[in-house]
Each structure stands twice: as C-alpha cells, then as structure tokens.
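The next block holds one structure in the form of structure tokens; read it before the comments.
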Amino acid sequence: MEILLIIIIGLLHAGGLYMLLRRSMFKMIIGLILLGNGANLLIFLLGRLVKGKPPVMEDGMKVFADIYADPLPQALVLTAIVIGFGLQSFAIILIRRVYNVLNTDDLDDLNSTDEEI
Amino acid sequence: MLIAVILGFIFALCVPFFTRFFKKTIPFLYSLLPLSLFIYFFQFLGKIKNQGHVLFKYEWVPSIGIDLSFRLDGLSLLFAFMITGIGALVFIYTIYYLKGHEYLDRFYGYLSMFMASMLGVVLSDNLMTMFIFWELTSISSYFLIGFNNEDPASRKSALTALSITGLGGLVMLSGIILLQAVGGSYSFTELLNSSEAIKDSSAYGWIISLLFVGAFTKSAQFPFHFWLPGAMKAPTPVSTYLHSATMVKAGIYLLARFTPLLGDTFWWNGTLVTVGSVTMVYAAIHSVLRVDLKSILAYSTISALGILVFLIGIGTEKALLAAGIFILAHALYKAALFLITGIIDHETGSRDVTKLAGLQRVMMPVAIAGFLAALSSAGVPFLLGFISKEVMYEATLQFGDWAIILTALAVSTKILLLVAGFWAGIRPFTGNLPSEFEKAKLPSPLLWVPPLLLGILSLGFGAFPSLIGQSLIQPVFSSMSGTDTVVQLKLWHGFNLVLLLSIFTLVTGGVLFWFLKPSAELFQKTLRFELISPQNIIEGGSKMFGSFAGTWTRFFQNGYLRNYVITILAFLTLLMAYRLFWGVNIYIDWNQISPVSHYEIIVVALMIISILFAISTNSRTISIVALGVIGFANCLFFLFYSAPDLAMTQFSIDSLTVLLFMLVLVKLPKNKSFSSNIMKFRDAMLSLLFGTLIAILTLVVFEEPSTKEVSKYFAENAYVLAKGRNVVNVILVDYRGFDTMVEIVVLVIAAVGVYSLMKLDLNPSKKEL
Amino acid sequence: MTKSLFLSNLILAIIWVLATGTLTEENFLFGFFISFMILWVITYKKEERKYFTMIPKLFGFVAFVLWEITKANFQSVKESFYPKSKLEPAIVKFPLDAKTDMEITFLANIISITPGTLIMDVSDDKKVIYVHVMHLIDKEDFIKEIKAKFEKPLLELMR
Amino acid sequence: MIVLPIIFQFIAGTVLLFFWQKSNIQKVLSILFSMTGLAIGIWLFLLVWENGIMVTQSGDWKAPFGISFVADTFGVTMVLLSSISGLAVSIFSAGSMRKERLDFGFFPIFHFLIMGLQGAFLTGDIFNLYVWFEVVIIASFVLLTLGGKKSQLEGAIKYVSLNLLASTLFLIAIGFIYGLTGSLNMADLAIKLDNVQNRGLVSVTSGIFLVAFGIKSAIFPMYFWLPASYHTPPPAVSAIFAGLLTKLGIYAMLRTFTLLFGGDEFMGDIMVVLAALTILSGGLGALLQQNMGKIFGYLIICHIGFLIAGLGMYTELAIMGTVFYLIHDIIVKTNLFLVSGLILKINGTQDIRELGGMYKNFPLLSLLMAIPLFSLVGIPPLSGFWAKIFLIQAGLETKDYVLIGFIVLGSFLTLWVIARVWGEVFWKKGEHLPKKANGLYFSQMSKTDQWLMVFPIVLLSGISLYIGFGAENVIILSQRISSELMDPSGYIEAVLGLKTMNP
Amino acid sequence: MKDILIMILSTFGALFILSSALGLLKKPDVYLRISVTAKASTLGISLILASAAIFFNDYSVTTRVVAIILFVFLTISIGGHLLARAAYFTKTPIWKGTKIDDLAGQYDEVTHELYSEKHHSSIKPEKSENNI
Amino acid sequence: MSLHDYLNWIIVPILGLSVILVFIRFLKGPSLPDRVIALDMLILISICIIAVYSIQTSQNTFLDVAMLFALVAFLSTAAYAFYLEQRVRK
Amino acid sequence: MKSLIFKTASAYLLPLLLLFSIFILLRGHYLPGGGFVGGLMASIAFLVHSFAFGLKETQNIIKINPGFLMPIGLVLAVGAAIAPFFVDAPILTGLWFEGPFRFIGMVGSALFFDIGVYLVVIGATLTIMFSITDTV
C-alpha cells in the first residue's frame, strides 16, 4: 500500500509544481495547495501506517491495549493543515485583489516591479 | 601622540557646532591646528636622531591584535613634517583663496580630517590601523575632490578617485591579512624580526603584489594614474595638499616603509623599477603635452611619483637616499608650483600656459616663488632639487648592467620635467603681459607668502644641505634602508659623470624650453592615442562590466515567476538527484510494505485520476471540484489509517477552501490557456523529475528503521499525566501546545490580513510618501 | 394547548427522573411514557384530547413516509437497470394549501425524499411550489395524489 | 523564564488587537511595548551571558518529548537585535505610517512578527521552528500587502508564492527528518541523525533545508522574490524585512548546518559557490538600479552572500565573521531603509535620478545618514569593516582564494554603489522633484512626528558606531557564539541534560 | 442472528446505493440525476448506518446513527433543491423528453424572484438531446 | 462466511462499484451541477463505506467522522449553488 | 440565496450545528474532535446561515463582530499557557481540577486552551469568509 501512497505523493508534488509553473495565478494557487497536500501526506506516511487503530484509548483504559497509530505525525499534519489553511486563504484572497486592481490573471503581466529601472 | 593624531578628527566633528557660534573665525582657528602639530612633531627631531624611533601604544581591539600603536621614526617624521607643515601653509592659503565660500567651514572640516588620517597612516605601527587611516584618507579626499558637489564633473572624478583607491585599498587589505597570517602579527616593529621568514614563504609573491596594487593605486602609478589628473577638479589647495605633497605619497611611504621588511628581492625591485620607470617617462611626456597649468603639474607629479617608485625599486642605499631627499624636495617645489598656479588662476581666471605671460610685473613675490620652485624642480645647483638629482644619478649609474638604460630613462625624464617645471613656474611670469590680464594684481600675502616660503626653503636646504643632512635625512635614510650607514649631503661632488649628466640635463632642458612652445594643437594631435590609454581601457572595461551586470541581472531577475520557480526547483532537483545517486544506497524491504485492499485501490485511483483531472482541465470550477475530490480522498486515507482527527479537520478545511475559491471565482475573469505546448512539455518533465525524486526519497526514508521512542512516551503518559484519551488532541493542547498556540496566531494574522486586503485600498491616490 | 400538554408531560418526565434519581435516557423515556399515560387518563376536554391522538398519528405518518421512500427506492432500483423505461419527466406547478414556512418546508422535504419528485422552488408569494416529477402520467392526478398522501396529514399534524 | 520575550510580544499583539482602529492609542502602546520588549531582550541577554545556555521545557515535559526552548548566546543575541530594530521600526512607523494602514492592524501584526522572529530564535524544536517561520511569513505577507497598492500586490504575488514554496519544502524536509529519527527536538536530532547509517539521506535532507532556507534568506539562485517585492511596501516595513526576515533564514541555516548537519563537506562547498554567486548577483543588480529601495534590496542579497560565505567555509573563524557581519547587517540594513524612508518623506520620491540636494538642504541629517551608508560600505573602522577581516582570514585558511576575490569584489561594488547614491542623492543639485504626492511631506509634519522619524535613525546609527569603534566587545561576543555553534555539545547537554559526545 | 440481520440490511443498502449510482450515470439530464440521487441514497445510507447501529448495539452509537440519518435526509433534499434551482438559473439544458415545464420563464432574470402567475423572462433552459 | 468477510467481499465491492460509476459521472459532467451532485453522491457513499469500515474495525469513533462528513458536505453543496447563482447574476 | 425552504431549514440547522460543534469541542480530549474541528463546525454553521439569510442577518445573530472573538480566544489560550507561572511551573504545564466534572469530564488548563483555540478558529474563519462574502 505504501508504494501506492508514495506514488500519489510523487504525483501530488509533480502536479503541484506543474501548476506552479503555469502562467495563471489561479493555477499557481492550486499548485501550492497540491504541494501542501503532498507534504502532509508525506509526513503522515513517514509516521508509518497503522490500519484501523486510532490513537484513542477506550474508556477505562489507562494505556493502550494493543498497537495504535503514531499520534505525533497526525498532530504535526493537523497543525500543518490548519496553518496551510491560513496561508492559502490569504493567497486566494490576494489573487482576487490582484485581479481587482490589475484586472488580470496572467502572471506575465505582473513583472513591473522586477524591471531594473 | 594619540591626541595629536585624532585631534584632526575631533576638529572635523566640531565643525557643525563651531559653525553655529563663530563662523567667521573658523579659518584662523583651524589653521592653528596644523601649525601646533608641526611644532609638536618638531620637538621629536632630536629624539629620533638619537634613538632611531619611538613607539606609542594604546589598546583598541586586543582580541585580534589590532591596537593604536604609533611608530615615530625618520620616515614617519619626514612625512609628519610635510603633512603638518605644508598643511599649515595650505590652511592659511585657503583662508583667502576660498574667502567667503558658503561651505568654507566644511572645507576645513574635511581638510583637518584628511590631515589626521594622513598622520595616522604615516605614524601607525600596526598595519591594520594604518590601513584604517589609509581608507580614511581615500574617503576624505573623496569629499575634498567632490567639494564643488553640484558640478557633475567633480562628482565624477571624486567617484573615480574613490573607486580606484578604494579597490586598491581592499586588495591591500587582503595583502595585509595575508602578511599577518604569515608573519603572525600586525605590528610592523614585530614583523621586522620575521622579515626573512616572510620573504622565504610561498605567500611572499602574493603579499607583495597585493600590497603593490594598494600602493600603485594610491600613488597614481601607471596604469592606475589617471584618477589624479581628474582629481584636479578639486580646489587648488586640495590639489596642493593631497595630490602633490601628501596623499599621493602615501603609496610611496608604504613602499619605503616595507623596503626593510619585504624589499631587496628580485620581484620587489624588478616590479618597482619597471612600473616606476614606465610611469615616470609616460607621465613626463604627457606633462609637456598639456597646456593647462594644473594638468601639467598633475602629470609631472605622477612622473615624480614614478621616479620615487623607481628609486625605491633600485633599492640601493644611494637610491633610497635619493628617494628620501626627493620626497622632501618634490614636496617643497611641487606644492609651491601648485599654490602659484592657484594664485594665477585666482587672479587672472586662466590656467592656459599658452596665454599666460609677463605676470612678474604685477605679482613679483609670486614670480620669485615660481622661479625658485621651477629651478628646484629643474635641479639647478643651490636648490634642494639639485642634490636629489645628483644622488639619483649616482644611484642609477651604480645599477650594474642596467645602469645605462636606467640612467638614460632618468635623464630624459628629468629633462622633460625641467621643461614642465619651467612652463609652470617661469613661463607665466616672463615675456610681456597680455592686455586681458592687465587688471590682475598682487593678492593678499595670505596667498603669496606660503609659496614664497616653500621656495625659500628649497633654496635654503639646497644651499646648506647640512641643515637637514644629519637631523632629518639621516634618520629617514636609516629607517628606509634599515642600516645605519652615515650619509652626508654636499653640493660639490667634484667633476664626474654625474656632474656631466646634470649639466647635460640642464642644457638640453633649457634648450628644449627655449624652442618648444606649449601648444594646444600638439595636445590635440596626441588625443588619438588616448584610445589606448589605460584610462580608456579601464573605463571601457568598466562599461563592459556594467553591461555584463545588466545582462546577468536581466537574465535572472526577468520578472517571470515561473522562471524563478524553475530555477529554484531545477537547482533543488539537481542537488537531490546528485546526492541520491552518488551517496544513498537504495533498497526496498518488501516486508515493511503493507498489503493493499480493494477499496484502497479505488480510492487511490480516484485520487490519481482527479489529480490529473485537476491539472489538465482548463475550467477553474472543474479544477476546484477536482481539488475537492482530492481532499476527500485524502481524508479517506487518513480515516483508513486511523487518523479520525485529521480526516475531520482536513475535510472541513477543504470544504472551506472550496467555498472560498467559489466566492473568489465569481469575480475572476474567464480562464485562458497561456503557455505553449513546448513549455508545457518542459514543465511537465521537470515536475515529473521532481515528483519522482521526492517519491524515491520518501521510499528510501520509509525503509529506514524507525524509532518510536517519542510517540511511545506520548501514548503511555497521555492519560496518566495529561488526562486525555485522544492522544492527538493531547499532543495538540499539551505536549506540543506551543505549536497550537502559535498556529492560532497564524490564523489570526491571516484573518486580519484578509480583512485589510479586502477593505483597505490605497490605490486611487496618485502617489504616496 | 397541545404545547402546554406536551410541556407538562415533559416536566412530569423530568420529575420522574429526579424521583428515581437515575439519569439515563431509558429512564427518561420511561418516565415520559408513564406521564403521558397519566395525562391521557386525567384529561377529558374534547379539544385537549387531540394531543393524545396526535402522537400515534405522528408515528403513523412517519412510518407511512418511510414506506413510501422504500417503495420509491425499489422503484428506482428497478429503473436504474433499464434507464429510460417510460421516463416522463415534467416540472409541475403545485398549488399549496400549506401556509406557514414551517409547513411548506416540511412538505417540500417530504416530497423531495419520496417517489421520483424533487422540489425545484417555492414561488415568492408562497402560493405554489414547482415540483420536478420523474414519471408524470397526468398532472391533476399527481397533484391530487400528493395532496392526499402528504399535504393533508401533514397539515393535520401541524395545526 | 526564557519564553518571556515571546509571551510578551504575544500579549502585546493581542492587546493591540483589542484597540482595533484606534491608531493613536496603538502608536503609544506599540512604542511602550517595544521598549519593554527591548528591556526584556537585554535582561535575557545578560542572564545568558552570565549563566551560559538556558533551557525551558514547555509543558514541563522533559526533552525530547515536549517543546524545548533554548537560549544560547546566539539565540539571545538575535532576540536582542530583533528587539532593537523592532523598537526603531515601531517608533519610525508611529511617525511615518499612514493612518489607514495603522487602522488596519499594522501594529498588532508587527508585534506578532517580532514574536515569530524571537520564537524562531529561541526554539529548540525543528517543527516548532517551522511554525514560527509560518507566523513570520504570514505576518510579512500582511505587512507587505497592507494598503493593497498596485506595486505592493505585484511584488506580493512573487513573495507569497515563493515563500509558500519554501515553507512546503521546509515541511517536507521535516517529514524526512522525522521519518529518519522519529524525533523533532533539535538537540536530540543532533545525536540521532549522527546514528543514521544511510548518510546520503541526511545529506539530501540537508539539501532540501538549504533550499528552503535559501529561498527565505535570498541566496543565489533563489533570491528573485526579494528585488521584486522589498521596495514596494512602506519603508518602515521594508526596514524590518531587510533587517530581520532574510536574517531569519540565515539564522536557521547557521542553526541547522551547525547543530544538525555539522560539517557536511559537500554542502559546505555548495554554499561557498552559492555565496560567491550571491555576492556577484547582488552587487551587479545594485549597480543598475535607480530606485533607492531596489538598490538597497540588491545590496541585501550581496551581503547575504558574505554571511553564507562564512557558513560555507565552516571554520570557527569563518562562522565568527558571519556572526559579526550578521550583527552589523541587521542594525545597518534596518537603518538604511529607515533612511530611504526619511528621504522619501522629504522629497516624495526614491528615484535617485530625481533626488538631490539633500546635503545642501539638510547638512546635519545628511551626515547622520552618512553613518549607515558608510558603515554598510565598511569604511574602516565602521561596523561593516571588521567582519571582512575574519572572512578573508578564514578564506586564507581554507584556501578559498576565489571566494576572497568575490568578497573583495562585493565590497568594492558596495562602495561604488553607495558612493553613487551619495553623489546623486546628497551632492547633486536638487532639481525637478516630483511635487504633490499625497500624504504629508516631512516639512509639513508635526515636530513630534519629525522626531519620531529621526530618532530611530540616530539610535541605530549610534549602535552601528558602537559596533565599529567598540569592535572588541562585539568580537568577543561573536567568538563566544561561534565557538558555541561549532561545538554543540554544550547545547545538547543543556537541552537533554546529559553528557554527550560531539555530534 | 445479529450478523445475518446486518448482512441483509447492508446488502439492501448497498444495492440501493448502487442503483442510484447507476441512475446518476444513466439519467439524461441534471434534474433527473439530482432527483434520483436524492431518492435511493437516502434509504441506502439509512440501512447501512442502521446495520452499524445494530452491530455496536450501544445507545450513544444508535443516537448518533439516527442523527446522521435525519441529517442526511434533510441535507439531501435541501441540497438537491438548491442545486436543481441553481441549475435552472444557469439554464442547464433540460431533457427533450420533458413533458411540461411550468417553471419556464417564471423566474425574474435580475431579482430571481419566482412568480406563481404567468410571467415572461428569458430563464428557460432549452431542451437537449440526452446528454449522458 | 463471517460478517467481516461478507462485508469485505460483498458490500464493499458493491459500494466501490458505485463509487466508480459516480466518479465517471463526475468526470463526464457536463455541467457543474452534474459534477457537484456527483461529488455529493461520492460523499454519501463514503459515509456508507465509513460505516462498514467502522463495523470491520469495530471503531465507532469513525461514525463521528461520517457525521461530520454529512454536515460539511451540505455546506459545499450550498456553496456551489451559491456560486452558480451569483455567477448568473453577473 | 432566497430560497424559502433553505431559509427555514437553516434557521433550525444553526442551533443544531452549534450544539454539535460544542459537543465536538468538549469531547476533544477523549475522542476525535477538539478546538479546531469544533471551531470549524461552528463557523460552517454560521456560513450556512449566512448563505440562506445573507450576511447582515447572520452578523446580527452573532451580535459582536466575529473579529473580536480572535483576541478573546488568544487571551484564553495564553492565559491557560501562562497560568503555570503563578504556581511557578514552566509554561503550558497542565493544571487540573481534582476529579471529573459531570458531562464535561476533567477540567483543566488544557480545556481552556482548547476553548481559546475554538474561539480563535471561529473568529478567524468568519472574518475571512465574511470579508469576502460581502463583496460578492
């Protein structure tokens, strides 16, 4: 199974990068989101997979009876997800404002601040 | 001593405050500064004569062996005299020369700052300290050259001067550091002991060449000489002080100073002699081609500096002695000539040799000063110039197989310089006065006394060399040569080759002066050679550098985000690929891989297809919905692999993101397909490569044995210590609560940001401060 | 009226819980049932007895709706295997007797989740709803059927 | 209690949020907070200077289980510096920032930004470091776009996208680290990473870190967002960016590449090459610009090269040079952008072709501004000079002669550029200044606001003068820092409370 | 015994789901698709959740299951309604076989006000070949 | 045949099949509402799958996730509808 | 969206969802859930409501500007974090009341912390969503 997940992770990164390389701001954001998903999945996977054993104790238990999934990557990914949400929503609103002000979705129209004079 | 050195800085700093209160008296006040310093140094004369040198030490940065230690020996004393003495004259001269100038106070500020730095250079025993003062002279001269800062030309030449001396300084810095690395100290006095070791070390070549660059740039040696004529944009007092008497001699000082330490090797002498002779001849020729008094003097100065380098290069005792004398002689007569030029300029408003004539009628004392200076530069007997010339010829004649050539060079240079000197010092005063200069008159003594004084000194020292022989020149000589041979200066060396050469020089020079008239045409003719002049070559080089800069910058900073991303990730990909395939042993242990169940396959398929769908479709809405599916499939993974918390959070957040997109999309324009297929292909390749590498890396890392110490601890203590059953949440609010605490701040900031982004728009306004 | 009865029923149930002192859901339901019985015994006024007929009616109606749903599902299972079999869709204007928003909403939802019907929208004057029908034989019959099956009993319950 | 600075800034930001849209109260509060923050910074610095490395285990969970906060000399020095330039910028903003911006949350975000920086400097946990990074970048996004002007937005798109890319890479790298060691505590990692058999993996991971931090600190093939964006926001914002944001990346590099991936030859060589190219790109870029903001922007890049150079050479001396330069650079760069802000306020433009006449009209102010300008150049004995000695010495030791060449070139280009700026802006006759920009000109501002703008420059100039003339103390500090960095065992012991071999 | 019950319920549930999935795929226009989803899935979900409730046979689970079922009923019908309505605004083609369309032209273009009496607006999706 | 196997080999495949069918519709569209309703349906089916999965792993906590799915799915449906409506208004 | 059915339904949905969100929040320490999910649920509830009734209505219901939930939440969180200072334990040390409370379970600093998170999430999400919604 891990192999499949790894393929997906690779695909998410590839797809994310590909979208990041497009000229449309919108696609750029999609790309970033895909990359983010990829990273989260990666961390989750590298915490090693355990099936159907959430790190939640039954009532009355003081420690886990049998094996359980590694909770730490879950916490990390959760944090990453929430942070990602903050950043992504800002980015999304940003492209909207950019469109309002500059009236374009084409990144190639946005290079005036780079020109050296 | 420290006070003596930094007094100038203190004065410079005080300028703004003095200006407030007694603007009028500033010039006189400031003129006292060099005067008193001169007197201060004068009292060391005897001491130095007896005990060679005195040291003063003040702590500064002990941890890296940099201190404010000052070494006063013959050489530094000579320079100290020139700096303070000529300084005093210049300061006084300026009182009248720049009378009523708006920024006179600043001018004095710069001057005293320069004087202090110059003193620092010649007095410092610690090389790093010396370098620090060295750079300060560059800066203060930058300010002085650019004193008329609203005139573009003077700004340009200030920048040129600063660039060349600055670059030279930086190179020299590495030289000094290298020297310290080899010799183990910054202190010149200590280094003297390990002189041999340094000369033998492999780094010696580097050390001297680096130091040379510093010295040559500062002392305007070929091919770095051209900043000096440019620097003549500065007011004449500056030209006098910096560009003839003191600063340009800093390089000479450096070479002289290092002679006992690094000198007397093939490379040292060879380089110096070559560079020196090239410079002196080249500049001498130029000097007679010029018609503007100041540029004549500028080039003759360069030539003189060349002579000094040349002499130091020869490095024999005679040569060093000659150098020692010539430093003084040149300082005296050249300063005088500059001051005179200044007076002429000030009174007639012209510096054109071809026009100026017969001024002795209106300004006799100046004329006298001019004559004395010119004669001294020509090396006429009874003037200091004569002695220096004599010794110089002796030195060249003693230089083995090269003697003839060197002597020839020296003589021809001297001849040309004689002409140049006469043009500057004599020609303007002889003949009959053109009508246009009728109204020129003798200016205030503040102007003419200083040059006259200098002239008289040339005469005095020349006529009675014993005045300075033992007291000054001897220590100078011994500190340069490091030996204690006794020198005595005399006017009469008897009939010998040297005398013949002198006479020859004077006669040919005189004849040449008689027949050769300075002419603008001649100068125009030579202009076509300018194309190959170092100045043009270097300026052309810097232009090319500029355009290279443009190309480079435009190439990388091309304004296209995707190119940036490509560059970055191509770099990363290469890096990873290189490390992966040369350094990582890749193996797969299938026991670690868990089996696949059918519904997982479906979800995987779902995911893969929707990823492809999301990136391939050209409709925004569709790609968003596809994104929804991706996230949803993601949640299912989280769920299957026992992360309900994640599944919940991810799902809600995905839906919110989708919602956000939908709200934004309402406003976005219809989507267009921008990029060409080739580009798509290229990007696809790069992306695939990147994805593959990440995947491989993930696999390899996954195969690594994993330690679960931390998570185990979490699970064991989640309930016992943290009173929670949902370990994930316990981690979030307890074990790693700080993450969460910070993370909610991220949310807050994002929210505020979004709010301001939507609500605050400063665009309609035209411009903003 | 019914409300107050329901309330008193509730209160009695709570008192029962407190009295028995075991706060479990089962116990609460039991208390509710008992108090319901008691109330049923002690109330005689004609109009008040509605409350007691209502509860059974409610259950009946829910059961009925569920049954309809089940039928609908079997129906669609059958169809989905030979799709366009006598597929006769239409968007029908359905005049409402229901007045309040609550009534309309309930009706709409019930219609939506039962046989081949889907609420398109309610007219702004709340006079009619537009229903998408999968198999419309005859418009009038359809309207009658819906009214009889769902609207009437629903309104009875809710008024 | 070494998390005090963080908590304090957290509270500061929160309190300021309560005064939403009450910009006058916010001004006062922010300045007060920044002063207190500085006091706390000094206190913490002295504390650590006395007692050596100090550690707080948050949640009282012993390392490596909880999140450890570690105050070593490097960390507290950075905290101190950040609170200094924080104070300066907060005062400057109070004087210069437009009311609209203040009304839309400039100050709270600003304090959260400072919190993020100081958190990053103090944390001893790699994932926590990531979270701090995120705080910093989201705050910087907001400050960058605050006002939503055309140029701001254009710059922001690049800034945002590349920074998000960077943090994703950071996250990936953390994933690998966790996969390899199952731990996140940096001290713990220092040991565990050493025991990883498959060295190549560690190296690759460090490569990803290099790129992630490289983007943030604008080193050679990753600096593009900086020239595109740094000149677009108000100068006060650029100042804090210039002073601290890129330096955060450098800090992270110094930390990870000494503590976690200490002495990876390959990466060292890579860094040396990158350093040279960074210096080159920055210098060349600065040659051509006409906008002061952009000139200084490129100079930032150029000098980032110096910093990386030291790390690349990786000797105690080199690191010492880097640290010294870092200390100098934070103060001076912040000051520089404040200066450009003041010039903008005075003349209404930052285009050096239009500027001029400063020296004539504001002699004293000009001299004041000359201090940061020439400190940047490194005119000895000003602050920029000393670090070069160490860098060159280190280069001689490690035989990176070419690198020395580039350092010299970089310094020369800086000298040339600054001299040009001086000539154009201060010396040149001030003709055709653009008139009627909206917002107040310096001359139209109240005395208080004028002082609020000038004082920070005085403060920072004073400090950089101290760094220059009091070099001795700064050198001692840098020495201590670099020895702590080069020998992390002290750090590890302090965190894990156990004796360890040198990783 | 319990297992058998679960099996039966879940089988039916699954079949209902399958059928509505088929329907979703086969129906000729979006309105029919919405309609058919609303139908079958409701019961399918209810049955399968019910079997879960039976399996765990725990009060809290049962209540949760009931809650889910009720909520699914509600959301499916309302969601369907919203979607159908939106589809109609966007003039998503309606199948040519549709007998009556009383809604045609009843919506006001601008305000989206819906009239009960005859009204004439452009909002009427054109009949389409079955776009499966 | 145990309950677990029955669910695993009969129920899950059926559900999986329906997922595929729905997904085909999702890919085909043609209109946005088609895709949205497909997505809705996907989530509904996933709720069933979760229910089955929770039986298989006898982890009733998964049902909460199912519940949350149901609640949140409604939001996105509403969002899409909202979007469509706004879009025509423009 | 002016749909009568949707309006009426969501009017009843709102309290239901809020209830659910609080339920999720409180159980977070024992079962899946907690501040984040809870907060997200709550904000989703309000969002659905705002779709049905329009922004104004929803804002009237919330009464205070959701933006202010953020600082309040932050205060709660940091309060819970620095509470240990006063019993001079390191920051974020868990402090607990003796014995569990009815329905809620153990009450301790962690719970207040989670509530802080909950409020912040609501505040932030709603601020983001509303500031974009009212421009649509």
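Order of writing sets the chain letters: A, B, C, D, E, F and G. Residues in each chain are counted from 1.
Here is the rule we use: a residue touches a chain if its C-beta (ideal position, glycine included) is under 8 Å from a C-beta of that chain, and two chains touch if they have at least 3 such contacts.
On a predicted model such as this, the values are computed, not experimentally measured, just so you know.
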**OP:** If every step must land on a chain the current one touches, say how few steps get you from chain A to chain E.
**Re:** 2
Subject >> Least hop count linking chain D to chain E through chains in contact >> reply: 2
Original post:
Can you name the chains that touch chain E as well as chain G?
Top reply: C, F
Original post:
Compared with chain A, which chain's mean CA position is the farthest off?
Top reply: B
Subject >> Higher-contact pair (C-beta pairs counted), A-B versus B-F >> reply: A-B
Subject >> Chain occupying the middle, per Cα centroid >> reply: D
**OP:** Would you mind checking which chain's C-alpha centre is most distant from the centre of chain G?
**Re:** B
**OP:** Indicate the whole-number Å distance between the mean C-alpha point of chain B and the mean C-alpha point of chain G.
**Re:** 62
Original post:
So how far apart, in whole Å, are chain E and chain F when each is placed at the average of its C-alpha atoms?
Top reply: 13
**OP:** Round to the nearest whole Å and give the separation of the Cα centres of chain A and chain C.
**Re:** 45
**OP:** List the centre-to-centre spacing of chain A and chain F in whole Å, with centres computed as mean CA coordinates.
**Re:** 22
Subject >> In chain A, residues with contacts to at least two other chains >> reply: 20, 28, 38, 40, 42, 46-47, 51-54, 56, 72, 78-79, 82-83, 86-87, 89-90, 93-97, 101, 107, 110-112, 114, 116
Subject >> Multi-partner residues of chain G (each touching 2 or more other chains) >> reply: 1-3, 5-6, 9, 30-33, 36-37, 41, 44, 47, 67, 70-71, 74, 78, 81, 91-92, 94, 121, 124, 128, 132, 136
Original post:
At which residue positions does chain C touch at least two other chains?
Top reply: 108-109, 119, 121-122, 124
Original post:
Which chains are in touch, pair by pair?
Top reply: A-B, A-D, A-F, A-G, B-D, B-F, B-G, C-E, C-G, D-G, E-F, E-G, F-G
Original post:
Inside the complex, what are the residues of chain G that reach chain A?
Top reply: 30-32, 36, 121, 124, 128, 132
Original post:
What part of chain D is in contact with chain G in the complex they form?
Top reply: 1, 3, 7, 10-11, 13-15, 17-18, 20, 56-60, 66
Subject >> Complex interface listing, chain F residues touching chain A >> reply: 53, 56-57, 59, 61
Original post:
How about chain E: which of its residues touch chain G in the complex?
Top reply: 74, 78, 81-82, 85, 112-113
Original post:
What part of chain A is in contact with chain B in the complex they form?
Top reply: 1-24, 26-28, 30, 33-34, 37-38, 40-42, 44-59, 61-64, 68-72, 74-75, 77-79, 81-90, 92-97, 99-101, 103-108, 110-112, 114-116
